[in-house]
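After this come two complexes, each holding subunit A, first together with subunit B and then together with subunit C.
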Partner chain A sequence: MKSPVQKLSDLGKDLFLWFDDRLHVKKIWDSTAGHHVPQSAGSWFYVFGSATLLCFMMQLVTGIMLALVYVPSADEAYATLEYLTYHQQLGWFLRAVHYWGSNFMVGIMLLHMTQVYLFGAYKYPREITWISGLVLLVLTLGLAFTGQVMRFDEDAYWGLGIGAAIMGRVPFIGQQLVDFMLGGQIIASETLSRFFALHVFVLPGSVIAIVSLHLRMVLTKGINEYPVPGMVVRRQTYDKEYAAIIKKEGVPFFPKAIDKDIIAAAFVIGGIVTCACVFGPKGPSGPPDPLQINASPRPDFWFLWIFSIAALMPEQIETVALLAGPAVIGLILVALPFFNGTGEKSWRRRPVAVIIVLLTWIGLGMLTYLGATSPWSPVMNAWSAQSTPDAQILHRSPLQLQGAVVLQYKQCRNCHAIDGLGGERGPDLSDVGMRLTRPQLTRQVVQGGGNMPAYGQNLSPAEVEALVDYMASLVPAGVPPARDYTLPQKTKN
Partner chain B sequence: MKHEPDNSNLHDKSAPCACSAAPAPDNSTRREFMLKIGFALNAVAGAAVGIPLLGYAFSSFFKNHELDWVSLGPVDKFPEGKTRLGQFKNPVHRSWDGVTAEVPCWVRRISGDQFQVFAINCAHLGCPVRWFEESKLFMCPCHGGAYYENGDHAAGPPPRGLFTYEFKVQDGQLMILAGALPTLAQPNA
Partner chain C sequence: MKHLACLFLCLLLISGCDWMPGRPTLAQKWRSPEDVVAFKDLYAQNCLACHGDGQSKAGSITLKNPVYLAAIPRDVLRSTIANGVAGHNMPAFSVAAGGSLQDSQIETLVDGILAWADPKKLPATPIPPYAAALGDVVSGKAAYTASCASCHGPDGKGGKAGSIVDKYYLSLVSDQYLRSVIIAGRPELGCPDFSSRRPGSPMTPQAIADVLAWISFQRVNEFDQPLSQPPAQR
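Moving on, here comes the complex of A and B:
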């Protein structure tokens, strides 16, 4: 006589066998989650890939939730964003999780890519894994950019203008590409509709397809063993060596090597939720109204470095660099596993790889910092919001005071700070009298140059004289004013 | 308990089964022919769907810009010697464009019927430039491009001066030829 528990258990077993017979669940499970990986791959350094995938799944879920309310129409999108943020129950939280999830996804993906590069995991025979990963990076950045457009505020509107301006630099078919990107001749309803289609259908669908390939490659070619200095990859022998590693110390990924991935997953979700709660969703900033021209568009965090490059690039090479740069970098990255597919894997034996990684991260970090502070942008209200510091007008002659007024009123301080207050585009003028002589100051004001507009048309001779007299007085105490040593000294300075 | 599907009849030699019989050679060429016909039919069917699909998606490559004259209002709105913000509804717009159908521009009335109408978009990367009356400069908030009163490049990264609209004065109205976002590829907006 069987007990009821026993009967229930038998029933469960039968049910499982019935399904397994039709769906081959166990076989599929054993060959995927249960596939054998080197014991050494169960490392903290190997959690970034699964963490990126986790972020993507978070984005899918929260994205579907947002799509329940969001209306992708140029007329309505902004109102639905405000509704989501301020009225829909927990709408702010979903928006925040989606926003921070995207930031985490790009960041963790870059960490994953760095780890793969430093650990030589792109080398033979994992070329397709690496290349599909590059495609995923492009798709993810595409999702981040199109997602920024979904937040259809003034930054999105002018950000689209920046995208169109870059497209417009393509030779021969620039205009067609601009119209193709905008879905029309201006940034309007069809622009938002096509970015919506990209953001919710095309790009996520492509990510799912390419992730499948990426994971398939992990199964067919195995996860990279933890590299050991001195263990050299050779095309002739690697497959046998890897098989030997799996035979000797292979463990099923589930449940023997997944522990750290699971812990990392909890931290990633915790991190996203914490950021969402503490910092909230981003924007929306002002409405996407082109007539609100006092906008200072800035891209989202992961695109700030591109914003910086656009400011700092010499203009002669800008078009070529903006168009050819990504293609060249892409080609190098795609070709990497072919021209560098063998040899040492460990970063301890690959100093050039370490230097490349450091330079890339430091470069991106500095450009991002510059993009966030954008010292090249004029401070549009410095002339009306920042008064001239007292110390810089004390004990000045009437003519010099007149010059101080000219300096303030002609908006010089939008680009030139005094005592650190004002724009940083041009040099700080607090001690300009120490660096430039009167003739040099006059020439600079009237003719401009060195990235400064010429004010000759716009200032009367009397204004120029007053301005130059004032600037010549901007000399720190105890320091002689600038002198022209090529001429015999005859002026009163 | 047996869960294996009952495949016994497949292996039953006595059962009539076309697959186990040796295929006739003429039959195989017929199948090959059918396959080719199938591929050909599907190539036609694919083109019937695919060509219109591509034509729909890439319509911008087969279309010239539609521009039209729009009014910025009576000429008297713009004082002589001054630069003012103008605005117009884009001649090509949809009812669901909302505020994005409105387009701003900078109008400089030199004197009488002499005007310059500049696009709001910086020639560098399209950000909205602002006019500063006192220093007679347009300044861009993105990368610090600056232009003189007449639209010429003054400083910063823009590769040219401000984009301009063609204009005319008709019945006391200032009209401009507009309808597209100006870019380096299509500078005459």
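Moving on, here comes the complex of A and C:
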């Protein structure tokens, strides 16, 4: 007599066999999760790919949950965001997980790409894996940008404006492209609708399709073996060598090589949830209203470097750099496995690759830092809100004090800090009196120069005089004021 | 049973997320400039840079000056904030005059500034009227010599303190501003108010009007020609 538990177990087994007979579940499982990978690939460096996929799955889940509340219409999106953030129980947490999930996804994907490049994994015969990865990078950045648009606030509005302005630079068909992107001439409900469609249907669908191809390539061409210096890739021999490695030290991915991926997954989930708990969601900042002149929009983290480049680039090269730049970089990346498809894999024997990676990360890091601080942006309320340190006010004549008022009233402070307080677009003025003489100060104020506009038309002679008298008094204690060295030094008698 | 307990604990933890540091509070919610209603914020965003707040000093007269607050009528304060001082470096802040503040916000500013008034810090002498006609230029010179010359020099051209008859200075400030400074002083910068320039002998309202007339008389146009008739021809 069989026990009820055993009966149940038998029933389960039968059911599985019934399904397996029709769906070949076991065969699929064995050929995917059970495929053999080089034991050396079970390394901590190999977890970034699966971690990116994990982020994407988290984005799918949290995205579906957000879509339950979010209304993709221009007049309701902002209100639903505020509802989610401030009123819906744990709505803020959901938004925060989706936001940080997106940041983690782009970040880990870039790490994955760096690792693949440094480990030579893009070389023969994994060209399609590399190229599909590049497509995934573009799609992911597309998801990040369209996601920023979903947070329909001033950042989204002006981000779209900049996107449209870049599109508009395309020769001949620029205007048509802008109309196509925005769904009309202006940023409106149609714009939000099409970005919603992109963000929740087109791009995630494409990611799923390309990820399938990406993983298919991992199965057919195998995962890259841990590179060893001196082991050179040759088109004629590599396939045999790889087969030999698998035969000699191949282990099934599940359950032998997946352990580190699972631990990394735990770290990634923990990281996203911790960031969500501690830092919360981003925004929404001000409403997407072009009449809101106090807006100071900034793109999301992973686009700050583009913001920097756009702000710092010389005007003459803007169109060429914005249109040809991405095309050239894209072309080089796509062509990489073809012109550099053989040879050494190990980064220890590829100094140029290491230098390229270092320069890229340092460059991106610096541009991101600059984008986050954006010293070139004036501080628009400094003129009325930024106090002046006592040292720059005390012991001044009535005219100089009026000069201090002119400096505020004419908004010099928005670009020029005093003692570090105020804008950073122009030089700090707290010790300008030791750098420029009165005639130099007057000339600079009246005629402008460098980055500074001429203010001669906007200041009365008395205002110029007061301003210059005040600035000439801004000299640190014990330092002589600036003097014109072409003139003989005045001696005290 | 163990799993159920774990699940329950997890749910409890997650539902407790509302106290997490990342949770946005209503105070962090974006506010339009019209929704700023706290005096502190309004003052810090609009007035602080030029007028200081008592702790920080600034180019123009501080509004935390008890004598000034006792002298200025509420209506004048309100209209000065709303409409500015034409031709001088005090901008108009009301939306109607091209500024960015609503009437209610200006009212909040007026209330808040006047709330700084501190009767205990006022001198025993009655505060002179905020506004008055110019006095006599000749008597003004004598009153100036008595009350102000020790710092600003015998002719007003500067001594321990700077010149108050500099032509550029005079073209930047209004008579009313000069009058306010004569009455309220700039104690934070070392210039006493009307009652304490000469210990035991406060300036009378007449002396104030006369000094102002004498200073104002020295205004010139861009060709250095006097703007006023010489006193003998009056």
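Simple rule for what comes next: the second predicted complex is superposed on the first by the 473 of 493 C-alpha atoms of A that agree within 3 Å, B and C clash if a C-alpha of one lies under 4 Å from a C-alpha of the other, contacts with A are read in each partner's own complex, and residues count from 1 in each chain.
The definition used in the following text is that contacts are C-beta pairs under 8 Å (C-beta built on N, C-alpha and C of every residue); 3 or more make two chains touch, one makes a residue touch a chain.
The structure displayed is predicted, hence computed values, not measured ones.
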Subunit A as common anchor, with subunit B and subunit C clashing or fitting: fit
Partner chain in contact with A:425 - subunit B first, subunit C second, else both or neither: first
Subunit A residues touched by each partner, larger count belonging to subunit B or subunit C: B
First, second, both or neither for A:178, with subunit B first and subunit C second: first
First (subunit B), second (subunit C), both or neither touched by A:57: neither
Which superposed partner A:466 touches (first subunit B, second subunit C, both, neither): second
Partner chain(s) touched by A:167 [first = subunit B, second = subunit C, both, neither]: first
Subunit B versus subunit C as contact partner of A:313, first or second or both or neither: first
Touching partner for A:28 - first (subunit B), second (subunit C), both, neither: neither
Partner chain in contact with A:388 - subunit B first, subunit C second, else both or neither: second
Partner chain in contact with A:331 - subunit B first, subunit C second, else both or neither: neither
Lowest inter-chain C-alpha distance for subunit C and subunit B in the superposed arrangement, angstrom: 6
On subunit A, the residue positions that both subunit B and subunit C contact, one per complex: 287, 294, 383, 409
Subunit A partner contacts - residues on subunit C that touch it in the complex: 14-15, 17-18, 20-24, 26, 29-30, 32-33, 44-50, 52-53, 56-60, 89-91, 158, 161-164, 166-169, 171-173, 189, 222
Parts of subunit A lying in touch with subunit C, wherever the complex brings them together: 82, 85-86, 89-90, 92-93, 96, 153, 275-281, 283-287, 292, 294, 381-390, 393-394, 396-409, 413, 460-463, 465-466, 469-470
Residue numbers on subunit B that touch subunit A, as the complex places them: 1, 3-5, 58, 60-61, 63, 65-66, 85, 87, 90, 92-104, 120-121, 124-128, 130, 132, 134-137, 139-144, 146, 148-149, 154-159, 179-181, 183-186
Touching residues on subunit A, where the partner in the complex is subunit B: 14, 17-18, 21, 73-76, 78, 157-158, 161-162, 164-170, 173-180, 182-190, 287-291, 293-297, 307, 310-311, 313, 315, 318-319, 374, 376-378, 380, 383, 409-412, 414-415, 425, 448, 451-455, 457-458
